[in-house]
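This is the structure, below, for whatever I ask next.
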Amino acid sequence: MTPFLAEQLRNLYLLSPEIVLCVFGIVIMVADAFTPAAKQRWLGWTAFLGTLVALAAVHHLSHESGVSTAYSGLIRVDGFSIFVHVVVLVAVGLAILGSIDYLEMEGLQRGEYYALVLFAAVGMGILAGANEMVMAFLGLEMSSISSYILAGFRKRAPQSNEASLKYFLLGSFATAFFLYGIAMVYGGTGTTRIDAVHEAVWSAVGKQGHTPALAMLGLGLIFVGLGFKVVIAPFQVYAPDVYEGSPTPVTALLAAGPKAATFALMLRIFYVSFNSASSFWFWAVWISAVLTMCIGNFAALVQTNVKRMLAYSSIAHAGYILVAFAAGTEIGVAAVLFYLAAYVLMKVGAFLVLTHLGQLDERYLDIQDYAGLAVRQPVLSACFALFLFSLLGLPATGGFFGKFFAFRAALDARLVWLVVIAAINSVIGAYYYLRVIVAMYFWEPSKDYTPTRVAPTLTFGLAIAAIGTIYLGVLPARVLDLAQAAAHSLLSR
Amino acid sequence: MFILDSLWIILALPLLGAAVNGLLGKNWPKSAVNSVGIGSVALSFLSVLEAVREFSQLTPSQIPFVRDYFSWIAAGPFRVDFSLQIDQLTVVMLLVVTGVGLLVHIYSVGYMAHEGGYYRFFSYLNLFVFFMLTLVLGSNLIVMFVGWEGVGLCSYLLIGFWFLKKSATDAGKKAFITTRIGDFGFMLGIFLTFWTFNTVEYKGIFTQLQQGSFAESTLTLIGLLLFAGAVGKSAQIPIYVWLPDAMEGPTPVSALIHAATMVTAGVYMVARMNPVFSRAPEAMFVVALIGALTAFYSATIGLVQTDIKKVLAYSTVSQLGYMFLGCGVGAYAAGVFHLMTHAFFKGLLFLAAGSVIHAMGGEQDMRQMGGLRRHIPITYWTMLIATLAIAGIPGFAGFFSKDEILEAAQSGPHANTALWLLGVAGAALTSFYMFRLIFLTFFGKERFDEHKVHVHESPKNMTIPLMILAFLSIFGGWVAAPHFAGGTDYFEKFLHPVFTQYAPAAAGTETAAEAGESGGMQLLHALTGIPVILGILGLLVAWWFYIKNTEAPKRLAASLHGLYLLLLNKYYVDEIYLAVIIRPLLWISTHVFWQTIDVGLIDGTVNGAAHLARQAGGEVREIQSGSTRSYATWVLVGAAGFTALLLGLWWKVR
Amino acid sequence: MIPVSYFLVLSAILFGLGVLAFVFKRNIITIFMSIELMLNAVNLAFVAFGRAWGQLDGMVFVFFVIVVAAAEAAVGLAIVITLVQDRQSLNIERVNRLKL
Amino acid sequence: MPSSHLLTIVTFFPLLGVPALLILRGEDHIWIRRIALAVSLIEFVISLFLLPVFSATAGGYQFQEFHDWIPSVGIHYHLGVDGISLFLVLLTTFLTPISVLCSWTSIHERVKEFFICLLVIETAMIGVFLSLDLFLFFVFWELTLIPMYFLIGVWGHGRRIYAALKFILYTMFGSILMLVAIVWLYGLTGTFDLVRIQEYLTHTILPPQTELLLFGAFFVAFAIKVPLFPLHTWLPDAHTEAPTAGSVILAGVMLKLGTYGILRFCLPLFPHAASRMAPLIAVLAIIGIVYGALVAAVQTDLKRLVAYTSVSHLGLVVLGLFAFSTVSIEGAVYQMLNHGVSTGALFLAVGMLYDRRHTYEIKEYGGLATPMPILMSYFLFICLSSLALPPLNGFIGEFIILVGTYQAHHVWATWAATAAILSAIYLLWSYQRVALGEVTVEKNKTLPDASPREKLILATMAVVIILMGVTSPYFTRRMQVSADAVVQRFNGYQDALRRPVIAPAPPRAATAGAIHSAAPVAAVAIAPEVTKGARP
Amino acid sequence: MSLPLLLFFVFAFIAVVGAILLISAREPIHSALALIVVMVSLALVYVLLGAEFIAAVQIIVYAGAVMVLFVFVIMLLNAGQEERTDWSRMAKYAGIPLAVIFLFWIAHWMARAAVGAVAGYAPGESYVTPSTTADLSKLLFTSYLLPFEVTSILILIAILGALVLARKEDKA
């Protein structure tokens, strides 16, 4: 084998999860044309299989020791990337499981849907491993453009269209900022390679005594672009609308996947490229964290639409993640990663429950509809309660440890007041989560709502999410170790 | 040494009786219940007798005779054993408690024969005897406190025995709560004692007092705090108010608890703690002052009461005042002596009054009686004896004890003329209102409807206790009689060690004014002393008013209308307490604490915060106006803001 | 010779105008066009910086941006068409069913 | 020291009942109750095995168990028992079967879930008492909330939802701050292990400001739970709306979590801050005592009344703790037990009334002694225990606390002693209104007296009340060493303060290497007064 | 003033005016045309920068393809005059002023940064660097091979999206 061929094979190997997803995506796309409507759900299973195979590929990659780069350093395969891949793939897999019956019910069962989901996953995977802003940009766009379409997948529903349009316009708007940021960073440092930017900044600091102002400006604009995607204040505005309007399984995906992947990119850019400027961006993160938590929680307090409430809740959670982000330490990275893992499970889990509860045309999303649900559907209610408790941050759930590690990281960096604000916020947040539980458990059963049987597919998905949530809540040690290793690999050269 | 070594038997018997009756007696026949009730107390009494016999054989160094049973409280250095002790003072109290207790039990068989809750009654009575014995037998303040509170409980239960009557339950509650106010002081006294002496054992406290020197102010404070407990329990000014109300209970209860034993616990306690008081003259003065004031004050109220038991109740308050006066002027023995004689004659008075009430079919208003001496002669005679005794007519028990107290107040080491005057005046009033009671009840014409009320003499099981007590009311005082003839006061001699063993050295061993005048002169002096004269005067006035000239009281009442009303309404003390303390407290609790602070302020703040949060949520959601352009503006705000922030920081650092 | 900063300032002005257009315009398609304007500004900046650094990487970036913009345009306009079929209006202010 | 898994068994045994209950059909109420009762009784018996083996003289924690849980963060599964927690555990295991029994007939709906909640709550509470790892402690602490939240919310009365939310939000507000403090403490000491933190803090003196903030965060969490005035308003609501078993558990054990926490964490870990804040806290405690009693007196709702008595009683416990004497602390611990039994019993009795009439309004009752003498006798007896009548249990605890407090602070004890008067007022008054007099409401004339099951419950409580009144040294002797240790530590700290203060050098967790130093610098700027001196 | 500079100012002026026209035009089709003007003039600016390939792509892809699409859609939807509806208050009072400020803010820093902060840049020299299409394509197919491949997927997504969105809704 020639060295060239060997290198190309290795490149392909290192990129295997994305390739697997692409292949499955294309296969589904093609198969769609030849599959009769009645059998379309098998495409969903194929997509799920795709995520499993991709996971297997990720698993295989995880045996790589140290840090490898592919395609002349454009892609970095390290523990960090692998961890984020897993998180993203879990989110995608769960979302697919939630979609199969949903689409059936809505009469939207199409191969394109799953193909788009898988392509979005490719984008997220690229984001996770990007070591070059071009790649980051492309990854971001792949996941975004797929998301725009997915958000509008329920074309019959006006709110789905609206969500799609808003997401598209604002998403592109933010992308423009992101790109301009990249341009400025490029202008300031002469490179767009993430690790090279670090060196350029560092040498500029050495020569001129400070970070180039252009790079700084660029960082600010990058923060805008990425902050938009991870839904932090004041760029959170679009999220509730989009999350509410999108088909629920898509909401699950949107709330989890892109957020996790974009956070990964943010970590790379902020922690690696602008590591030496952390005293500057720290304040941006700090302010944004406080705003995000407060806006998310306060606005959620007054929501009666549970789906929208969960959308606000995911804003609040982005705030908690920022608390860990603000720490600026390796522990902080680990905390962010762990939080993402827990968050993906509980958030997707919660939205999956809504997938079922909403019923046809997402009719039942008001809190009133869930009155006395616990009597009629005890297991589903228990499941929902579990996710809500986890979102709330009660022990024995993943959410608790997520919050705990976040607090720990922030306190470790002496961010006492930030943690206190986060703590108070999480109590405020408790109110609206508990209100749903109040409705389900304490109220008299609602008359309008007729429960339907939970489909096996969804049950399977919910079981995974629930077990995962509890696993992270009871035995977080292993995942935490992985997160720490990932954090370490992110920061190692 | 059978009983002395097992002092607990004395306690255990009544407790057992109480438990058996209380738990099992509900469905038993009355005879079974009362044999358990009486039997246990009788056995206890016999044990006491045996204990006294054994006690008399102890050498002085063995006294007080202490027995530890078990460690009851052990918290760090605060250790309390459940231990009992017996000394001369205890002996007196034991005899009184079990003796009178036994008589009252026997009496109750007849008195309560027709009442419901018979088993309950005997159970409570036995329980009372148990606690009272605990009180007097305890060898430390805590065990005493147990008995102290326990008798309070029994008092509560027995006053409210007829729990269907609101007045009865009110009275029981009032008794308990009011005495608790005193107990508050008592508890603080115990705390201070422990703080000072690091122990609560009598022996330890007294020994330290003797050996070390303690600040008089501390001792005074201890004395006053302990005395506060006594004031509550023994119904002295200003918290005597519960005792008259306590007459809502069955009469045997009044006799035993609210005359003979429980209410004297305060006196016992002061006497018991005499080493402390002896070193705190100011505390002693307060004791004497409160005692004298109460003695006079409640006697004035007794003048105009018409309820036979109320008269006796105020009389009890008054007599308790004498006892404190005695203790306060240093004549502890006299105080205890009066305690004993009072137990006899006041117990008798109550039992006899009970007999009257029994005979009258429940009527307690003396204005509805009259001429009863022909119908119930035994009751009449015994009651007369008791009245003579309480009025201090020479020869009767009360004469000896009361005179001794007044004498000490006049000429003892802590003599105080003003207090003496109060005491003497009280004595005159006592004589008056007691004879008023006798005359109204037993003399004159029958003021009741003989057809409705079938007046009958009480059964034997009621009259025999009366007779025994009458005997004691006459002769019970003679143990101290020789004193008046210049001889030895046997009672005092017996108690002498208790009050001298730990007495301050300077005070010496004087207790009775034995020296000086010759015996004959003394006797003459005593017999012609002002108290006696006034006592007889009181009798005569009462005779004048209620036999001779029955219109006189009305005229007097009319001419002194204000004073009369004041007395009749007991100086409006209950009303004042209600208006000044209870009502405001309840009002503040309800309106200020509960409604304003709890509901308004705290919950208001919390709910307000919640409301505010929701309102903030309502405001915050306005950001989400639904307009894409406004969303873009927010992104722009962020872009401008954060770039400005970053470059601002950059500018600063550069 | 033209200083690079001239290009950059031109880029900034165009970007700013693009932003202004986004918040100013009400027609969805025009708003979309303002995004294209912003992307154009970005491209200019990339090329200018690339020149400044003497590298071609900036131009490569522009290439990708153009590709993405084209893809976005395809999808975006499809979304717009779908929406207009439903709302019968191109006014962005009428797209406010989802709010609060 | 015998190394066994006894503590783990004690902690988690009740959970065994959960799958057993889950298997049963929901309608099979009889077997559900039986199994719940059996599990809780066996649990009680198991917990009794602690007693003979527990050494009264050995210091420190006994029966310790130590396993890794999340090693990379230094979180361990560390259980241990000392004289303080021993009896609290027993109290828990004792009250749970009682609660099961008292819910025998009063719970008709979702019976299975009800008993599952009870069993879970038992495990959580025992876990709180036995945890020696701060993190583990916190986990159990929070776990107690959820089942209680459901107990109140699902099986409660009228305003149950408001009460349940109020309960959980109040408590969570406190506990989240505690979590922050726990993590912060971890940052300072590098461990979550209580024993090691204690050791560390013996050698190192925290900067006063830091200590005060940490103390405050812990204390507020505990004070809310206790509840200390003015954080008490959730309690009356929670009690009033909770089902009887919920109230029994809540008053009997859950409030003790607060006082236990103060004793276990606030005092030994932050002695200086504790002593600085002691006057303030004592004043609050005293206000609580008097205020709780006065407000209790004027309540018209029986259960609310009892709830306010808890405010008063636990104020006394807090006072005892902050008097810092062995005597008062032992008294406080003992009083925790007493309060658990007495107030638990009060709630039981009140619950029995509720079962008959479905109201707590006092004016709906009156003269009940006539139709139900036995129940009312027990009620009176329990009232007497609660108003600290010697020689019943309440007296012992209250007296010891007051004696101990008085040794150091005359004025505090004097104010606190007024409780003796006030408790008599509210209890006897309410008893009078409920039990005495003529029967005023027609319905009440035919109410049945205590059933055998109720008699069994009440008699058990009565026996315990008497036993605890007479045999207190059995308990206090076993607390002695532990209480002494707290006081010693406190005194030792006072000595240490007189030595020159050495700025501590906190060991950092191995992985906690900062990748840069700028963020912490910025962070310090946020809270300079907080972190000042925390790092050399 | 040298010719390139003069040309630059001319093109820049046209571009800015085009952008302003885009904003001020009330007919979408006018805006589209204005945007085409901007694009073309930018393409000319690229030429001034020595990026002829980009200039060509700009004309072909942007002005040629993308804008045609825009115009096509405008025609398809028969988009008339912009509707005058209520202003979003947020956009009116905050958005527009802020956008203006932002414009100057960025322009200010761009001007400043380009002069001082860009390391290794010497005015005048860099203009001689050859940028041939060949060099560019070499770079594109070596270092940037992966993104190039990825764009194919991106375009696939776009096709898929257009397909999904444009397909007639079958009645469920």
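The letters A, B, C, D and E name the chains in turn, as written, and every chain counts its residues from 1.
As a working rule, contacts are C-beta pairs under 8 Å (C-beta built on N, C-alpha and C of every residue); 3 or more make two chains touch, one makes a residue touch a chain.
Just so it is clear, the structure is predicted and the values come from calculations on it, not from any experiment.
Asker: Which pairing of chains gives the most C-beta pairs in contact?
Answerer: Chains C-E share more contact pairs than any other pair.
Asker: For subunit A versus subunit D, what separation do you get between their C-alpha means, in angstrom?
Answerer: 41
Asker: Between subunit C and subunit E, what's the gap in Å when you average each chain's C-alpha atoms?
Answerer: Subunit C and subunit E have C-alpha centres separated by 6 Å.
Asker: Averaged over CA atoms, how far is the centre of subunit A from the centre of subunit C? Could you give it in whole Å?
Answerer: One centre to the other, that is 26 Å.
Asker: Which whole number of Å gives the spacing of the CA centres of subunit C and subunit D?
Answerer: Averaging C-alpha atoms per chain gives centres 63 Å apart.
Asker: Spell out, as numbers or ranges, the residues of subunit A touching 2 or more other chains.
Answerer: Each of 134, 138, 141, 145, 148-149, 152, 155, 165-166, 169, 173, 184, 187, 190, 213, 217, 240-241, 279, 283, 431 in subunit A touches at least two other chains.
Asker: At least two other chains touched by the same residue of subunit D: list those residues.
Answerer: Counting only residues that touch two or more other chains, subunit D contributes none.
Asker: What positions in subunit B touch 2 or more of the other chains?
Answerer: In subunit B, 621, 624-630, 632-634, 636-637, 639, 643, 647 touch at least two other chains.
Asker: Throw together a list of every chain pair that touches.
Answerer: A-B, A-C, A-D, A-E, B-C, B-D, B-E, C-E
Asker: For the complex, which residues does subunit D have touching subunit A?
Answerer: Answer in residue numbers: 68-73, 110, 135, 138-140, 142-143, 145-146, 149-150, 153-154, 160-161, 164-165, 168-169, 172-173, 176-177, 179-180, 183-184, 186-187, 509, 511-516, 518-524, 526-527, 530-531, 534.
Asker: Which positions of subunit B touch subunit C when the two form their complex?
Answerer: These residues of subunit B touch subunit C: 621-622, 624-629, 632-633, 636.
Asker: Subunit C touches which residues of subunit A in the complex?
Answerer: 134, 137-138, 141, 145, 148-149, 152, 155, 158-159, 161-166, 168-169, 172-173, 176, 179-180, 182-184, 186-187, 190-192, 240-242, 244-245
Asker: What residues on subunit C touch subunit A, complex-wise?
Answerer: It is residues 8, 15, 18, 22, 28, 31-32, 35, 38-39, 41-42, 45-46, 48-50, 52-53, 55, 57-58, 60-61, 64-65, 68, 71-72, 75-76, 79-80, 82-83, 86-87, 92, 95-99 of subunit C that touch subunit A.
Asker: Okay, in this complex, where on subunit B does subunit E touch?
Answerer: So the residues of subunit B touching subunit E come out as 625, 627, 629-630, 632-634, 636-637, 639-640, 643-644, 647.
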